[in-house]
Amino acid sequence: MSVSRIDGRACDQLRNITINMDYLSHPLASLLICCGGTKVLTAASFDEKVPQWMKNQKVPGGWVTCEYGMLPAATGERCKREAASGKQGGRTVEIQRLIGRSLRMAVDLEKLGECTVYLDCDVIDADGGTRCASITGASLALAAACKRRYSAAENPFKELVAAVSVGIIDGVPMLDLCYDEDHRAEVDMNIVMTESGNLVEVQGTAEGAPFSRARLNELIDLAEIGLKQIFAKQREILEII
Amino acid sequence: MSVSRIDGRACDQLRNITINMDYLSHPLASLLICCGGTKVLTAASFDEKVPQWMKNQKVPGGWVTCEYGMLPAATGERCKREAASGKQGGRTVEIQRLIGRSLRMAVDLEKLGECTVYLDCDVIDADGGTRCASITGASLALAAACKRRYSAAENPFKELVAAVSVGIIDGVPMLDLCYDEDHRAEVDMNIVMTESGNLVEVQGTAEGAPFSRARLNELIDLAEIGLKQIFAKQREILEII
Amino acid sequence: MSVSRIDGRACDQLRNITINMDYLSHPLASLLICCGGTKVLTAASFDEKVPQWMKNQKVPGGWVTCEYGMLPAATGERCKREAASGKQGGRTVEIQRLIGRSLRMAVDLEKLGECTVYLDCDVIDADGGTRCASITGASLALAAACKRRYSAAENPFKELVAAVSVGIIDGVPMLDLCYDEDHRAEVDMNIVMTESGNLVEVQGTAEGAPFSRARLNELIDLAEIGLKQIFAKQREILEII
Amino acid sequence: MSVSRIDGRACDQLRNITINMDYLSHPLASLLICCGGTKVLTAASFDEKVPQWMKNQKVPGGWVTCEYGMLPAATGERCKREAASGKQGGRTVEIQRLIGRSLRMAVDLEKLGECTVYLDCDVIDADGGTRCASITGASLALAAACKRRYSAAENPFKELVAAVSVGIIDGVPMLDLCYDEDHRAEVDMNIVMTESGNLVEVQGTAEGAPFSRARLNELIDLAEIGLKQIFAKQREILEII
Amino acid sequence: MSVSRIDGRACDQLRNITINMDYLSHPLASLLICCGGTKVLTAASFDEKVPQWMKNQKVPGGWVTCEYGMLPAATGERCKREAASGKQGGRTVEIQRLIGRSLRMAVDLEKLGECTVYLDCDVIDADGGTRCASITGASLALAAACKRRYSAAENPFKELVAAVSVGIIDGVPMLDLCYDEDHRAEVDMNIVMTESGNLVEVQGTAEGAPFSRARLNELIDLAEIGLKQIFAKQREILEII
Amino acid sequence: MSVSRIDGRACDQLRNITINMDYLSHPLASLLICCGGTKVLTAASFDEKVPQWMKNQKVPGGWVTCEYGMLPAATGERCKREAASGKQGGRTVEIQRLIGRSLRMAVDLEKLGECTVYLDCDVIDADGGTRCASITGASLALAAACKRRYSAAENPFKELVAAVSVGIIDGVPMLDLCYDEDHRAEVDMNIVMTESGNLVEVQGTAEGAPFSRARLNELIDLAEIGLKQIFAKQREILEII
């Protein structure tokens, strides 16, 4: 793994991560997470009612949902404001569904009680890996919000989850792709895991050419290396809240 | 694997597949694919121009895109007509993006020449696995359409792709889930492969509880068993067109 | 009437009609109706509540409504998917209102009880006369669904309705226009009748030149010839359900 | 025909019609037409280009299109503003398509030259028959605008058209229904004719019970009585412009 | 102030105002107001319920809201129909919010009781100052409707409001701008006042160059001159209702 | 002015302002402006083409436009994401039009050359005065971007603008209202000025009761006190860029 990367990192090296807790004044928990040049504001807000479909189907407990957005000035070439164009694009929809699914794995929905947790993930500055940074950030925001809202005995938060991207560039597996790497990747994969090392989501996509199962395994190995460090970061912050 | 399934199949057994080629009169190639109780109409139509963004960016060659839909009467409880509610739901958007990405792996976009291929996948009757049936069907429709439109030397179609779902139900890995199984699955995975055995997309989602890497590997093994049979089916039909 | 038609039919000859009952697994009644090259899937689904406006106005009984759609690959040149473009076109709206009105004539809405019947008419393959095939199919699907849901004494279904197109081409009145005839027609008319021979809807449109009342009467005469045969077809199937 | 009507008219009697030419300052021709309590503002505006589809298909000549609207305060109970609810309702769409089709019969589209004529029909006050008043008004506005824009030799306007409603109430055919009659009608029909007495559109709808062909003929007879008077009114005004 | 204006008026001279009360048959009060070439139909309609947000927040009393529209043929070059394009433009939204806010100042919302008053302002013909004409008209319509609906003791109407535009053209302050003046104005201001001479809204916008506070004061002086005459007009009509 | 304010400020005292230049990596100029508890991200991005209407009308030069948004977690009770609800609310539309108009006063549009400047103002955290903070921030971002893009001789930036809110609470005029003050204000006014002391926009709204011209003048006096300090802050930063 002596290949040189665009930003000088080793192939199995994460970008620098910083997390700024309680960045906002209103939500129960919020944070600004920076993974290299990618900055995402995440917030966990409780609404004391459940979605209509839960009411209709009499599902007990609560719900966790995510909304993802990208500020127009977050990208190299300014991207269109979705509120102005009148709908969320396919990429946005796909990402927020992934984040919502992943975070519902982190809590016991029934223990949440009758409420909806909105996890807002807004990308302020984008340099690749925005959905992974969103999951990692939203997981910590949700954990913190639950810690504040529930007693230890009734805390519905089960386990931290986190996500990282991996990919193959010029035939070499690499961890935590930045935007330029992401664009050149032959294979692009996002791995969501629990702190105890189980898989929550695996999404691997051949961008240039199909890949073998051996490659799949190498990529997940690489992701596990990064995720251990990310969980350590989350854990450290969660402990002192 | 002596567990009994809802419909009496073995755990590694596909549902019955039938493919009715050229089901429609207008598109260059079309088919009705039935995978058990799931019926999907797929069609490949050529439009002799490329999307605006390709023109702007002067990308050479053509494009392949997919649109997916579900007829309101296709589901157990009638589902809402998206054309009437004024937008495609998140699930629809996610699925059609997956199908489009997968099928673009099957062709050499540059060799397509200046055109857009629309792959329409419309679910007539739904019993689980509609996105996989759509990919399998669209792959064959696209292969057939290319065979008819291009000479052998200029045929941009590279390789058949196909998809199958696998999942874990009551702790047991199973192949090709029907709707009732899909709803009870702890893990739900869709695997898209090429005929030569490489991965195009891997999408695994923990629905009830996170899963280990060992489980991931068992599931992909199971998918490979099913996909070999599906490719045989596709191949047989493609040869005689 | 020795004029030769595009497809060799006599001027007062219907296209071949086939009806495939219970084509779908979920709705209470469904069918695939083929009128020459036009194929329409129709389904009757019951929803155990009434529209909001009926609740507000305390209208007793139930409601019958229709939704019409055309698959993108159903037409010669692929047509746009309405779900993707975000709204139903004017033609779609006009047609589904016509079908809904016509079918409400076929039932005693008060005897329906508190429910809404959705009649979904989806055109799989289009070769002219799709709204007429939809009405004929939806009428039979609704009759069959009522027969299954209600006792004979309480059956709210009053009478079969059916529809056929007629038109004037090169000055000659013709029955049951196919697409190419429809496009060349000087006058285009859709007649919806009851089995007992009364009119439910008459919609005649001059496309090229206005027409006399004598012409109007010739066209309705022609329609009656076709409708008798269509009612025989419907009746035959309905008897054995 | 000694039946008494809600407003004391005879069964074959029109409501009072007044037409106020050039009611607006900007369009080439405009008018306020009042048919009893129904008031419609119609305007004919020329746009010096053709719709995109005409350009694409290289259809020679111009186009005539209609947009219909109802002011919120025009109805007994205030109706919703379509601009605020974000789309035109089905009834609006159906009506404006009817008006557009009818008026295209009145002109030689090719002689129009490269332009689009917008016929705006806005209902200020509604008491039944708004689509008929719109057609009658738009026909005169279009005739006047053509007279002003083209030389006599090049005038593309072919013939005046006009429309009137007829219906059956308590078994009695009646001409030119007001709102209260319209709501109680068993059959509701709109007839669009040319000044020379030919049919442009016939739209008859059974609202309560299907109707016989004899009834259809009685209704058209009645419409012809009314239309003669309406054409006289239009003609009188058109002569002096 | 010897500058000559486009239409020969003095700089401090209003255009001719006429008000045609009860122009429509259905709403509780309506009128057609003409200010020079600008004609606006305004209507006050009561709906016997309050908006959902008032219910949720348990705000006592009622609500007053405004909807503003411009007919397509009202402008020099035909403007797009907002109902057809699927949304209200920014200008429309801004104007109807201003009118709603201004008119809520005219009534005691709590004394209104549980109801919503819709003030519809539809511009039939536009020659500048449409928002001011709308406010002046809606104020009188609302006053008249309240006088008819409530006893003198319970009348929630507090005070007439009215609006006028002022602006600076070629350095000269002018009252009540017509369209051509409005387009050339360096500063454009709309002043909403109460009959007793207090300010309800002040909206001044530099269109060409910023303006001094001295100019601001001159403009408001000018507006007061015009508003006194407008209030006299309103008062005269209101007295005799 | 010995009245005590919610946060202990004097009536003529601004909240603390901090400006963090070049907060984002992609746009030509960007900043995070904090006015007390209100935080707004503003960015100036150049697009090398003009809007379609400028092209059509052959207006020389460029354009400046603004888009304003509020993150869902920015407010006390989470507000709805406009991208998800499918349209920008009336308040958003009104605000972004105000900002756009104000900033176009700051530049010579013709000297901009053929381009569009997008000023994105996204509220991260809201505590009143978001539109004023947006204008102040966008003005500086635009000045900085112009300084970087153009030579001093060709710089189209004319003059800094800034905005501040003033209002009357319990009868007392106060400068720079926070959210709680804003909600209780009887009069609410936003003043946009140029650095040289001229007015760009004056928007005063009576929220509880109409106000006199004397009050209007007191409020503008107060605004001028605050704006001088704000211009000093902008100037200081602009000098060192």
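Letters are used for the chains, namely A, B, C, D, E and F, taken in the order the chains are written, and counting of residues starts over at 1 for each.
As a working rule, a contact is a pair of C-beta atoms (placed from the backbone, for glycine too) under 8 Å apart; a residue touches a chain by one contact, two chains touch by 3 or more.
Since we're looking at a predicted model, the values are computed, not measured.
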Exercise. Indicate the lowest number of steps between chain A and chain F, counting one step per move to a touching chain.
Key: 1
Practice problem: Would you mind naming the chains that touch chain B and likewise touch chain D? | Solution: C
Quiz item: If you take the mean of the Cα atoms for each chain, which one ends up farthest from chain D?
Solution: A
Self-check item: Inter-centroid spacing, chain F versus chain D (mean Cα positions, whole Å)
Solution: 51
Quiz item: Where the centres are mean C-alpha positions, what is the separation of chain D from chain E, in Å?
Solution: 33
Practice problem: Send over the residues of chain C in touch with two or more other chains. | Solution: 86-87
Self-check item: Category of the chain touch graph - line, ring, star, complete, other
Solution: ring
Quiz item: Touching chain F in the complex: which residues of chain A?
Solution: 24-27, 30, 37, 41, 43, 45, 47, 67, 69, 71-76, 78, 81-84, 86-88, 92, 118, 120, 122, 124-127
Quiz prompt | chain A residues within the chain B interface of the complex | solution = 87, 90-91, 93-94, 96-97, 101, 105, 189, 193-194, 196-206, 209-213, 215-216, 220
